[in-house]
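Multiple structures follow.
Both complexes below contain subunit A, partnered by subunit B and then by subunit C.
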Partner chain A sequence: MFANTKVIKDIIPPKIASAKLHNLALVLFATVMMTIPFGASPYPLTVMVDVGLYSIISMGLILFMGLAGQISLGHAAFFGCGAYISGILTTEYHIAPWLALFLAALITGSIAALIGRLIFRLHGLILAGVTLALNLVFFYLVSSLVDVTGGTMGMMNIPPLSWGQFTSQNLLFNYYLVWIVVILLLVFSLNLADSRAGRALRALNIHAGGSEYAAQVLGVNVTRYKVWVFVLSAVYASLAGSIYAHYTRIIEPNSFMVQSSAMLALMVITGGRSSPWGALLGAGLIVGLRQILRELIPALVGELSGAYELIAYGIILALMLLFLPGGLISLGRRAVPKRESSQDED
Partner chain B sequence: MKTNLASLKIAMTSRKKHKKYASGTSLLEVKNVSKTFGVLTVLKNVSFSAQEGNILVIIGPNGAGKSTLLKLTSGLLPLEEGEIWFKQQRLNGLAPHYIASLGITQLFQDIQLFLNMSVIENVMVGCHLSSKTDFVSSGLRLGWAKADEKMIFKRAMSQLSLVGLKDKAFSSPISLSWGQQKLVGLARALATSADLLLLDEPYSGLLGDEIEWLNQLILGLRRQGMTIIIIEHLTDILMGIADQVIVLDHGEKIAEGTPAKIKSNKIVIDAYLGDESSKMDG
Partner chain C sequence: MNSATALQIFFSSLNLGSIYAALGLGLFVVYSVTRVLNLAQGEFIMLGGMLTVNFYQVGIPLFVSIVMAIALTILAGLVLYRFFFYPARRSSGATKVFLTLSFAFIVDGIALRVWGWEFRSLPAFFNTQSFQLWGATIFGQTPWVTGITFLMVTGLFLFFGRTIWGKALRACANEPLGARLVGISIERMTLFAFSLAAGLGAAVGALITPLTMTSYSIGLPLTAKGLLAAFVGGITRAEGVVLGGFVYGMIEAVTAGTVPGGYHNVIAPLILAIIFVARRRGLLATSQEG
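After this line comes the complex of A and B, so read on.
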């Protein structure tokens, strides 16, 4: 009737430990992330900012792909939407960067809602194809609208985000900004996964043992939930895009190509689709690997790593799907005792 | 599985009684419903009504169109020909989740439990309509969302107690026997507080005492005013609890009446019951 039960066991959602243990892990994680910058050199901090940004997008994708079982190969477009809308609002309309960040999230969310209403009658590979096409449309749109977006040359001199005397030109400021957002969204996502809305999303995940038929006869508005989780994941991506734009201050279409979307999907699969924690693991693994490959490959073959990186990602994806379909998070789940009650936090 | 019928009796008495819709009227009316899949006609001009607080049993051989009829009622299949009315509201064209919100739910023949959730979470999805918490309030874990979650948990637990599976609340559905999975599916359906329960072959795969347990549960639900439509093959078990029986054959209604009337109906005996009894004898 359903898929392989071993796979299902691996992707059973975050009932991994007692609520207290879970909260403790969160506090511990937040403490570690907040103390990392002390004594760290700029290079690892720059990498960690990248990990944080990709974690934000992947977390949204985990809600969409892992929890609700939908497929997207176009989320880099929403990442780009956030970046470009923030960029345009601040450089062309001189809107304050923080306000631009929120407006970008609002506009991106509205675009996602509009698209979602149109595409969520589709399933599986067709849905994946449509999201891929949307990413291509976005790419060619921002490349063509030279007057608005700067075309392939991109946008420059995007003003930084600032807080008092600190601005996002400062690496430490960026690090804390990104990781505070990661932690807040992690808490939000974990709460969501273990709630009425989270259960409704899991109920329609046909790839992990859910059933849209059963969800519907129990009163779950399947289309509405798909659209909402799509919007939420787009808002996550938009937030990351805006922070990225104000951090790098230069954006260009290549950062938001289909390859970026594929890499995001890879982060979700390698980290683990069943829990928002998987986003952090996946982003950490792929960004870390990218840094290693970029240094290792030129030293070994005397060429830039570009194509070799893609080969490496392909191999990792194949190995993960074969030997660890639940992603890195499923390793931890096997080590932690099962949660006794979902109500013991009360 | 706990098969203690006394404990079922206690659990049933603590269950809330159904609010009466309008006495003496039909809760569900099916009018001239036909359904075709391509060139195959599955249902031909079927009409019947289900009275409130009654158990209506629909029997018929494989391919008679029984499951299709239930799916048309719950909105899972589009209704192109004929009409279905529930509480004097036309169901044609309504989405299944909306029909569920009107008070109709279904237990599938293959149960379709959510295997990516624990048993209690499955039943908590059944309470979906009793809460309004959304993405934001859930994500921020606002006070009222927490209170709602607690209420849903308690309701789900009481439904699990009703089917005698409270001790399996935190198990995975995969670890349960087929019979236990059926009962979880039933608890999940009951958690919706529906007025009309559609049961698609609920007895299939159940063993002796499990069948008796389910019989008592269904009778208890009827006593509380719930309307139940059952489609099944096990005719002699159902004849004992049915108020009204409809017989389908090749998509057509060939008989309707009380169990006693159906048992003595020659057309039914020729088309179905005779065949069933000879199988049982064999």
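After this line comes the complex of A and C, so read on.
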């Protein structure tokens, strides 16, 4: 009896201390992110906006892929859904951009709920294949709906988001908008991972030692949780899509093709699926790498960097999978105590 | 719908069906041995087409170009196996799938660097001109695509049914553990499956280039279509994959012939996805879990 208690105490690290450490890291991170713009030139801020947008989608994807252990190769479609719905609502129906952003998230979430209800029975690789195909369907849909979406030419003149005198044509406004959303969603994701729902999702995650059948036996409504986390990840992607559409003000179907979904999977894997922080690391790494190549390649080889970017992504993905399957986050995991320590709650 | 249109749709569905069947079979051979979806299958098709165009444009005769393209693509398949798949042979299925994706990134990048982003085409084989058949217009390359793909699919079936390597492959597909127990080397079969998939993909790529053109970015979308075709028919059986391919071809040809605009690309995969979700073990369902 006593022996057992001792074992449990050994396994479970002191929660309060690690949670405090984690919260401190979070506050520190938020402070740094909010003060970066002071004294920074426009170029790094533009890059950081990209990192933030990719982080938002990747965080959603980490809930789906890391927490629940599913695989999606189609989340660029939800990113596109947000962007196009925002674009259509504001240009065709003259709805205020902020309202459009929330409506887009609502509509994308509903679409995801519908799709989720249909495909929740699929597992692993089969699910990956079907989401990949659905991404293709989305691409051809927006390419074909020429009257509404401008077809392959895309949509232009999407109105910017605004707050008082600031609009999303202002770089600082974009920076703060994107990174405030990132931090809010990060806090939400971290808490979710540590909540009853998070534990239920981990219980059905075969990659985390769970099992759908076992989870069901324990009273977890597997269907509901799987659909629900799918919807949540779609809403993350939709928010990023809307912000992206109002920020760049031009969208075209190619940005939401299967290759973009592959990029998102790349970020999630290089960053690490085990924590929402992985999304930020992955997005930072890949966007950083992209920017470095865009600077270096023209100077060194005298040509555009597109091809070299693809090759570098492939090499990084392969190296990560072979030598650091847990992603960048797993490096930090060795140093910092885990936060996932609340099995004793409830 | 008059009879000429119906005939046109019929020929078109045979043509698309044979392409999707071959696409699905490429995925099937790798899946059957490894239980992994090879996301780089479309890249083999892209490589086959692009390499053929490349050799043809420097003056090498078309059929020699095709043979060289197939040989080089098989080499790429071996690279995928040896440097991506083999080092991760003890990893999870998801890791292996993402490794094939990393290979696809690298191949796309190299193709973009070497050939640029432009779409490229080839003349129809033997310079066959478009012709009329009972009122339907047939593009010169179509009969070659349909005919040769048909032969390849039939050849594969004879191979699966009649040869020891084919039977070994089927054994791996049906009962991996049992196959190992009777002395089939999974590693050799995997190597073989990757070369077969690459060669098949390259041949399809060379065949369809005069019809659809090719560029560095066609790979992943083609893989997605092939996956749907294979899933619908049931990826665990070659017959299922071929059936799925023809079902996909038929649905796409019918919607392309009846719905204006590019909507056939939306409707056909959507119908396939719905069929698949409704009948998850494939159209040729057996008691075996897929």
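Quick note on the criterion: the second predicted complex is superposed on the first by the 313 of 346 C-alpha atoms of A that agree within 3 Å, B and C clash if a C-alpha of one lies under 4 Å from a C-alpha of the other, contacts with A are read in each partner's own complex, and residues count from 1 in each chain.
Everything below uses one rule, namely that a contact is a pair of C-beta atoms (placed from the backbone, for glycine too) under 8 Å apart; a residue touches a chain by one contact, two chains touch by 3 or more.
Here the structure is a predicted model, which is why all the values come from computation and not from measurement.
Once chain A of one complex is fitted onto chain A of the other, the partner contacts of A:Leu141 are limited to subunit C, with no touch recorded for subunit B. In the superposition on chain A, A:Val27 contacts neither subunit B nor subunit C. Using the contact criterion defined above for the overlaid structures, shared-chain residue A:Ala299 touches neither subunit B nor subunit C, since it reaches no partner.
In the superposition on chain A, A:Ile126 makes contact with subunit C only, not with subunit B. When the shared chain is aligned, subunit B comes close enough to touch A:Tyr213, but subunit C does not. In the three-chain superposition model, subunit A touches subunit B and subunit C at no common residue.
Note for the complex: subunit A touches subunit B at residues 1-2, 5, 8-9, 11-13, 15, 188-189, 191-192, 195-200, 202-203, 205, 208-211, 213-222, 228-229, 232, 338-343, 346. If you check the complex, the residues on subunit C that touch subunit A are 35-37, 39, 84, 87-88, 91-95, 97-99, 101-110, 112-113, 117, 217, 220-221, 223-225, 227-228, 231, 261-263, 265-266, 269-270, 272-274, 276-277, 280, 290. Within the complex, the subunit B residues that touch subunit A are 74-76, 95-101, 104-106, 108, 110, 112-118, 120-121, 124-126, 128-129, 131, 133-135, 138-141, 145-146, 148-150, 152-153, 170, 172, 174, 188-189, 192. Against subunit C, in their complex, subunit A makes its touches with residues 71, 73, 118-119, 121-122, 124-126, 128-130, 132-137, 139-141, 143-144, 146, 207, 257-259, 262, 265-266, 269, 306-315, 317-318, 321-322, 325.
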